[in-house]
Every structure is written in C-alpha cells, then in structure tokens.
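Here you go, one structure.
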Amino acid sequence: AEDLIIFHAGSLTNVLHELSKAFEQEYPKIDVKLVAAGSLVVARKITELHQIADLAFVADYTIIPEFLYDHYANYNVVFSNNSIVLAYTNKSKYCDLINKNNWYEIIFKKGVLFGHSNPDLDPAGYRTLMVMKLAEDFYSKNELFEKFINAKNKFILKKSIDLVAYLEAGELDYAFLYKSVAFQYNLKYLELPDEINLSSDEYKENYKKVSVEVPGKDGNPMKIFGKPINFSFTILKNAQNKKAAIEFVKFMYSDKGRKIFKENGMELFVLVDNPDNLPEELKEIWGF
Amino acid sequence: MELQIQNLKIEVGNFKLYVNNLKVNPGEYVYILGPTGSGKTLLLEAIAGFVTLKTGKILFNNQDISILPPEKRNIGFMYQNYHLFPHLNVKKNIEFGLKMKKIKDPTFFNYIVNRFNISHILNRKVQNLSGGEKQRVALARALVTKPKILLLDEPLSALDQDIKMEILELLHQLCQEYNLICIHVTHDKSEIIGDCAVYRIVHSTLKKEKSDNVQVPSYDY
Amino acid sequence: MELQIQNLKIEVGNFKLYVNNLKVNPGEYVYILGPTGSGKTLLLEAIAGFVTLKTGKILFNNQDISILPPEKRNIGFMYQNYHLFPHLNVKKNIEFGLKMKKIKDPTFFNYIVNRFNISHILNRKVQNLSGGEKQRVALARALVTKPKILLLDEPLSALDQDIKMEILELLHQLCQEYNLICIHVTHDKSEIIGDCAVYRIVHSTLKKEKSDNVQVPSYDY
Amino acid sequence: MFKYLVMIISIIFVLSIILPFLTVFLNVDYHLLIEIAKSKEFITSVKITFSAAFIATLIAIFFGTPFAYFVARYNFPLKSFLEAIVDIPQTIPHTAAGIALLLTLGRASLIGKGASIFGISFVQTFWGIVAAMGFLSFSIYVSSVKDGFKKVDIRYEKVARSLGATPFKSFFYVALPLVKHEMITGSLLMWARGISEFGAVAILAYYPMTLSVLTYDKFQGYGLNQALALTALIFIISMIIFVIIRIVQN
Amino acid sequence: MFKYLVMIISIIFVLSIILPFLTVFLNVDYHLLIEIAKSKEFITSVKITFSAAFIATLIAIFFGTPFAYFVARYNFPLKSFLEAIVDIPQTIPHTAAGIALLLTLGRASLIGKGASIFGISFVQTFWGIVAAMGFLSFSIYVSSVKDGFKKVDIRYEKVARSLGATPFKSFFYVALPLVKHEMITGSLLMWARGISEFGAVAILAYYPMTLSVLTYDKFQGYGLNQALALTALIFIISMIIFVIIRIVQN
C-alpha cells in the first residue's frame, strides 16, 4: 500500500477522518495517514522539523503563504469558513442561563472552568483572544481582555480539538471552539454576535482592528490581524505521493466528499491563490 | 512458679505436634531431642507465643499464659543463629528489651555485661563478632530483662567445636544462678550433660526418656 | 604418571597461597587440612584450571598442564555441595561429560551406574536425592569420563554423620580401583583414615605433616 | 574466544545505548541550552516535576510500606491476586491509565467532588501530576520494599516480641530499620520513574508542564532546536539523579 | 490492633489502584467497545504493538543475554559504570528519549543513512516503534537475566568445564538453562512494558499507531467516548497479559 500523509489542523480531524475512510474504500491501495496538530505546528513541522507530508490543511488561510511559500508550496486553496462559538454541554455550570449578553460574565464565575487553545500554536487560540478583544469593545466592558488573560479558571491546551474530551468528561464547562467542531461532536454552543465571531466578510474591517502576536518564522514575534476565518490547504512541493494527494482533493470535491463536509456542518467552496500553479487535473475540475 | 504444658496440640499446615505433659521447675534444665523437622523450634515458639494452640494450656505459676501475647510472657528466646539485630550495635542489642519494657536498671545492665564478659565489645557491630561472642551477647540480651523462662533453640549448633562445651557449661550455670526454667532443644545428644530430664519428639509426640538412659540407638534420630 | 606441583604461587586479591612442592602418585590418596578460608578450595581450583597461577608449574606425567584450559585437563572435580546440574536428571548429569567429550561408551556408563548403585534412580530429579545419593551421583558423573585425577573439596561435610564413614571408605576404594590421584581437602581431621600423606595449610603455605602424626593440638585450626 | 565474542556483543549493546546520548550532546545548541536552563519556564517545570514526584513517593511510602509488610508477613486468601493487582499499572499503556485517572478523579467523580471540598482538583493541576506519577510508579517502591521484608528473617521480629516489643514497636524498631536500604532505593527509583512519566500526565494534567510534557510541547510546537536543548538538559539532570541513586544503592 | 491498622491501610491502597479500572468499566459504552474491538484500525494497532514489542524483546535477548553474562561473570574496569549506563534509559523522560532517538536514527543520521540502504527507516515506521520500545524497556530484560546469572553458582559452570565443556558449551548447556526462568519472565515483562510505551513512540513513530498512541489520538481528536472504549479494551488485554505473566512466573 502507498501512504498519503496529511498534516492538518486539529479542528478538521473529524471531517478528514470520515473523508479518508470513504477515500480508502474507493482507493484501497492508498493508506491515508492523518496527523493532527495546531495549524502553526503543521507549518513548523514542515518548515523546521523537515517532516514530509503530501497535503497540509490549516485553519487560517494566511498560514500557507506566510510560512510555506515558496519553498514548500506555491498555491493556496481556501475551501471553507467558520466562526468561533462558546461550546458547552448540559453538565456545564450555568448552562441554562448562558446567552449572548452574559457569557462574558458567566465564564468568570466561581466554580466555572473554561478553556481555549494555545495562541502560539493554534489559530483557534489566537482567534479566541481576538474575539475577547472585540468583545471588550462590543460590550463596552473595560478590561475584559485583561481579565480573560489573567483568569485562573481556565485551561489552555495545544489545539482546540483537545478541549473536546475534557468538555465531554465534565472537566470543562465552556470552551472556545469552531462552530463546525461543536457541531461535529454534538456539543451545545452559544453563537457569538457576528461583529465579534470572525465569521463574516461584512465585519472584515471591524475584525482588522485587533491583533495578536505569535511566534513567526525563526521564532520572531509576528503580528496577526483579525480577519474572517477561512480554512485552506495545499499540496506540498516535496510531497512523495502527489498523485494520491490530487486524487484525494478530487474526491473531496466529489459528491461524496461534499456530502461528508455538509454532514459535518461545513460549507465547501474553492478560492485559489496562485491558480496558475495548480496541478492540471485540479485546474480542470475547478475551471481555471 | 513452674512451667507446665498440658494436652497441647499444634497444627501448622499438615504438620502436627502433641505434648501431653511437660513440667519444668525453676532452676531446672531440660533437653528436648528430635531430628531436623520434628517440630522442636515450633514447640519453643508455641511456648513463647508465636504459634496459636489448637488445644491445651501453657501454665506458668499456675496461670494460663497461652492467652498472652509474646511480649507479655517474659520469656527469653534464643534462636540457633542468635538473630542479633544487625542494625544495632552490641550495646543497643542488649538494651533493646529494656527500652521496649521501659526498664531503667543500669546496675543490672552493667552486671550482666560483666557477667558475660562483653563490656569491651559494647560498641562493636554485631556482624563482626565471633560465634562465641555472638552467643554471649544474645544471652545477655535475653537475660537483661530478667525473664523466668529461657528457651534455647539448638544453642550450640552455630558454634565452633572448641567452645561448645564452654558455652554449654555457662548455660547450665545461668540456669542455677538465676533460678531459670531452661529448655534446650537439639538434635545432638552429645550436648546433654549433668543429670537432666530429657524429652524426645517421636512420631510428632513429646515423650519423656528415663533421665539415666539417654544412650539410645543412633538410628532413632 | 604422577601429579607434581612446583613453586606454585596464587594471588587472588589480597589472598595468597604458596605450594613449594606437592607430589601425588597414581593410586595415592592425600589429605589437605586447613581451616575455613585458608584457601583449600582455591588450591583445588588452581589444579583444575580455574585460577591463573602467579608462578609455578603443575606437572602431570611430567608435562605442564597449567597452560591447558580446564576442559582439557581431564580432572574430576567434586565440590562439597556436589553441584549436580539442577536442570538435568540423574542420568543426564552423569552423561554430561560424555556428551561434552563426545565419548560413546554405554558399557562403562552402565558399569559405573551399577558400581555406585544408582541404576534405580537414573530418572530422578537431582533435587529429590538424599545426601548420600547426591554424593554417589556426583562421583559417577566425575568418574564416567575416566579422569586420572580426582579432586575432592570437603567431600563429606554435607553428609549425615551416619553415612560419612561409608562414603569415605568408598572414596579410598575408588582411588585404588581406578589407580586415581586423589586429593581430599577438609577442615575435619577425623576424616583421615588409613596411612595417607597429610598436608596442612599454615600461614598461606602448604606444608607436609608426618603422616604418622596427625594428632595436632586442636587450637591450630 | 568465547569471552571475546561475549565482550564484542556487550560492547555493541552498550554503544547502542550511549549513542543517542552522544548524538544529543553533539547536536545541541549550547547557547540555547544555557538560555533555557535559565528560563523561568524551565525552572518552574523542574520544580513542579521534582516536587510532584516527591509527593507521589511520600504517599507511596505511607500507604505502600504497610501494604508491603502485610503481603510479606501475613497469609490470607487471594494474597497472590492482591500482589498481582499492584503490578498491573506497570504494564498498561500510560495513556489508557491517564484516561482512567481522568474519569476517576475528574470533577464529576466521587473523589473529585470530595477533593473539591478541600479546594483540590486533579485535572490540569499539580495534584493531577502527583496522581498520574503515583499511579504509574508506586509499584516500583512497593515491590522493592516487599522484597526487602521477604528477605528479612521473621525471627528478628519474634525475638523483638519476646523482648517485650509490641507488634507496633517490632515493626518500627526492627522490621523498618532492616528494610531501610530497600525503602531508600525504592523511593529513589520511584521518584526517578515519576519524573520520567509522560502519557498519563499529558492527559490528566498537560498543565502545569512537567519536564516530559514540556519537551513534547516544545518539540511539537516550537521546533527541534528547543526540544533538543531541553532534552540535553534533562539528560544532564537524569544522569545526576542516576549517579546519586547508584551511590545510595552501594 | 497493629495487624488491623496495617490491613486497613493496605485495603485503602489496593482500592485506590482498583478504582480507576472499575471506573472505566462502569462508564464505558459497551456497544462502542465491541465496535472498536472489531474495527480494522484497532486490530492493526494490536498487531503492530504486539509484534513491535516482540521484535524489540528478541533483539534484547540476543544482545542483552551476553551482556548480562559478561557483567555477572567477569570483572573488568568500569564494570559498575557499565551496569549503571544500562539502567539510565529507565529514568529519563520518555519524550526526551524519543527526541534523542529521532536524532540518532533519523534520515540525516549515520545510522539512518546506513539503514536506508537496506530499505529500513525509523521515522514514522514500524522499525521506529521497535527502536523506541527497545530503547526504553531492554533494561528490564537485562536486569532480570543479570540477577539470574548472579544467582547461579559459578561452580556449576566450573564443574561443566572440568567435565570437558568449552566455555561456549558451558554457557549454552549450563548457564543458559539455569537462567531460563529469568529469561522468560524478563522477556515477558519487557514485552509488556514495550506495549505500554508512549512518549518515545509518539515522537519517533506516531504512525503506524500503537495502542498507546491510538488511545491518545482518539482522546485528542475524537472525544472521550472512543478513547474510553479503547482504554477498556486495553485494560482487558493488559489483564490477560498480566495473568499469563503471573502464571509463567509461578
């Protein structure tokens, strides 16, 4: 069997797992190996740890141009969008009371534990910080962000998907996750106002007002500005199994693939950066 | 003040031992003979309180001591390898019983130490003692708390041939000196000296021999 | 065909042993006396080839065998605890040497087995043998490969008193029967029977005693 | 001939053990190593790791010593079953153990609820590290001390009893001192194993980060150089600990 | 009194060990458990885990037995240093060991380059699992067999020599049979430990997934229920292995 190695954002674990199972059924000779990590880690594995993969899926479409261009990739396919929600379960404290207007108070209440992912490693992490900065303005709550950063009643895990098991086990009351993840794991979730949830092109300019610093290339700090959440992928230049990678992408955009995305609460579309560099087969199906 | 054992029955696993009657008076030194594995040590351990009796009584001064825990029986016990506490020096070994019983009697301690001629080795490690020295330290440790009964489990078997007799005579002296009830178990009949009562374990049962006829055929044990 | 040791010096750590001269003829049975720790076993091991000599020679039939590895010296060795291989039964223990030396001699094997009266226990586990049986099996194992020299390291000390004499006589018989060079080390002078040469280790040196005067004061060892 | 063959195989064996250590020290960036050694993150992690393993060991001494004595000295039904149970955590995958502990000690569990009354929680806390280390390494301590008690001739305790010691005193003044050596080496080995624990700690308490977790985190999130420097530092620490253990053992 | 106190502490101790197992079996979704038990992913993982640990153990037997014999039988300078080195992997955090192995066996390393000639690579492969398991658990085998050789009276081998056995034959026909028991239990314990290994395996070879890694992966990517079902399955397997080891040991 030949291996198809996919490095991907943790938040895509479920959908890619289903997709690859279906794919393996159709292509029994190909063995798909999914390796999940925070999206920044996906990039660093490729660039710094020199690990070999065929496909890279990230939760922030800017990561591929920022980190992987031009040495490891030369195009970027934006395929879906998302928003940040506050996920919880029916065991969570105050789950009956929480709503759009009190969530930023409830998460700080005594006995409540909440979590988000590591801003240095995972886009969901720095996006959570952006949401809080936006919320400070939106709700006119001075020092909300400060309070959030200094809160003792929170876990910060490596990637957002890691929070799910702790939510399920009742070890967390609330977690900042992508809407698609909350949907996929049948969690309850509170949708935050569009003005702050990083979902909508409409509030693009508003999002841009906030920024977060993360370790960039070579470990130097890099400023990331708020923008709508878009997921993207690329086939890596040093892929050992480009053919299978192309087949996988084609399968992803087939009817079966689209159905799987839909069932996982994600909309599938195509926006390509540098379409000239796309493999011919993909140019064909997307009409470039 | 005599020790008397009546209708004693011990069962440990498949092993059994019966003692119909054994009586020892203060100042009396008795021998119990028996081959290896016949239950000699077990009998002593029963008297000392380490074995639960199946039936029977152990009377000391007409009181049943078999209901008492070992630490309340005031019986000196000496195993064949002495079992001096390896983590304590000679002095602390001898003082152990005094400490446990919260007795303060430096005069008697000094007397005993001199009696056994071990005052010069009090600070030695017990590992570095000769066989005879170990024996004397073990005796001092057992006797410093003034027990009424002294149980000796093959007390000579770990000694070099040339000092066996010396120690044996010491044991008999001590018995008289402190008016002790002494029970000496052994498989070696050549250890019998003086006109003592001799018992023998035959077919799991303790039997008395005529004390004037200890020379029995050697195939018997 | 005699065994001769000349100017032998052994050093193991701080321990030293000197043998100026030791000569044993075929059919001769010699004793080496010495207390525990005097190096008796070490001397036998040197003859058998387990200890590197500091100086000196071990001549057998006027050839220096000290340059040969143990397996080429053809010397029977018996430790005091026999060291029968616990993973092999009696038969396989005895056959071991034959197998190693690739000898096929069922007649002699049967002869030896009958000579030592162990044909009925060939399939027994060695753990379940009595002391005397172990001794006889160990002798059979050592002799079945027809060695010229038999080294006996305290051969009687693990035996019950009542069969010691029986085995001792057997050893002397074997020595004559097979014209063996026998060296018997022991700390117990009562094991000396017959008119044999007796050596003694005194101050790390092997010295010959007058063979008619082995009764030395007991404090000497 | 034979000896040389054995020697050669042994040398190959030892070299293959040394090689990874050598490789680390040949490749590490020593400036980065010193920088990390001074960093607050590293120092905190060392403190947390060492003290959590230490507390886990103390707990094992308190509960495990009586248990070892009980098993070594008394006979009772199901004894060998009990002895076996204690060794099971040694052979289960640590991640599975971590999940079991998460469920057992979590906020929703009985123990978790009980502990929260005292303000203690186990998930993503120092106490979670202690629990994970303890669960997966106590059997090292227990088996060391159990072997110790089994080797001690019970007659020492009987002599003590005949000299007037209660069972309690004969335990404290005779049995315990005679297994002192096994208690010390067992504790040190357990402590060292606790320090090395990863799988269960990562699940029960990724934070605060122990040295194991920190290494993994650096490796996954910040690239090889940082992880390598950390690895070299850990090797140095481990070797120091190891030398100490060896000295105590002999 | 004393006995009861000891008994009570022992019971608390044993309960605290049993509790996590109990909790898992009380909370697991048995339908999911059966589904996972039948899944190709799980069965493959079991096969990989067991066979990698098995091969690691075989390698340890081949190299470790002569080493154990060498250390037990011969004296040479730095002997105790050598003995100590073999135990070090037991006390280093497994993630650090994993990074050291990655560097030592990686594609850029000497060994990695050498092995690639034979088509073997260690990173994210079965052989990486073997290497990680072997490195972190061989000392269990070695110390078991070393203790065995040390317990065997060297006089058995001397007798064998005097009966005509070469050193080689006395090793094979006398020394080895006399440590058979230690070899078997050492191998089983090493194998079991190999199966439980996580940290180093996760770094050197996340794929193909061993049971440890699969558990972690499920926990991190697929939520608690799947991880819990897997944990329960692993506990069942571990207990079966454990019973087998116990039977062999006695």
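Some notes on this structure:
Each chain gets a letter, A, B, C, D and E, in the order it is written, and its residues are counted from 1.
Basically, contacts are C-beta pairs under 8 Å (C-beta built on N, C-alpha and C of every residue); 3 or more make two chains touch, one makes a residue touch a chain.
The model shown is predicted, which means the values in this text are computed figures rather than measured ones.
Taken together, chain D and chain E share the touching chains A. Separation of chain A from chain D in touch steps, taking the shortest path, is 1. Chains D-E form the pair with the most C-beta pairs in contact. Chain C and chain D have Cα centroids lying 51 Å from one another.
Distance between chain B and chain C, defined via averaged C-alpha coordinates, is recorded as 40 Å.
Chain A and chain E have Cα centroids lying 38 Å from one another. Chain D has its Cα centroid 46 Å from the Cα centroid of chain B.
For chain A, the set of residues that touch two or more other chains comprises 162, 169. Contact of a single residue of chain C with at least two other chains is seen at no position. Listed for chain D are residues 103, 166-167, 224, each touching two or more other chains. Note for the complex: chain B touches chain D at residues 45, 48-50, 69-71, 73-77, 79, 81, 83, 85-87, 96-97, 100-101, 141-142, 145. The touching residues of chain D, counted against chain E in their complex, run 1-3, 5-7, 9-10, 12-14, 16-21, 23-24, 27, 62-64, 66-67, 69-71, 74, 80, 82, 84-97, 99-101, 103-104, 109, 111, 135, 166-168, 171, 189, 192-193, 195-199, 202-203, 210-213, 215-216, 219, 224, 227-228, 230-231, 234-235, 238-239, 241-243, 245-246, 250. By the touch rule above, chain D contacts chain B in their complex via residues 153, 155-156, 158-167, 169, 173-174, 177-178, 180.
Chain A contributes residues 37-38, 40-41, 44-45, 48-49, 91, 113, 118, 120-121, 155-158, 162, 166, 169-171, 215, 219 to its touches with chain D in the complex. Interface of chain E with chain A (complex): residues 124, 206-207, 217, 219-225, 227.
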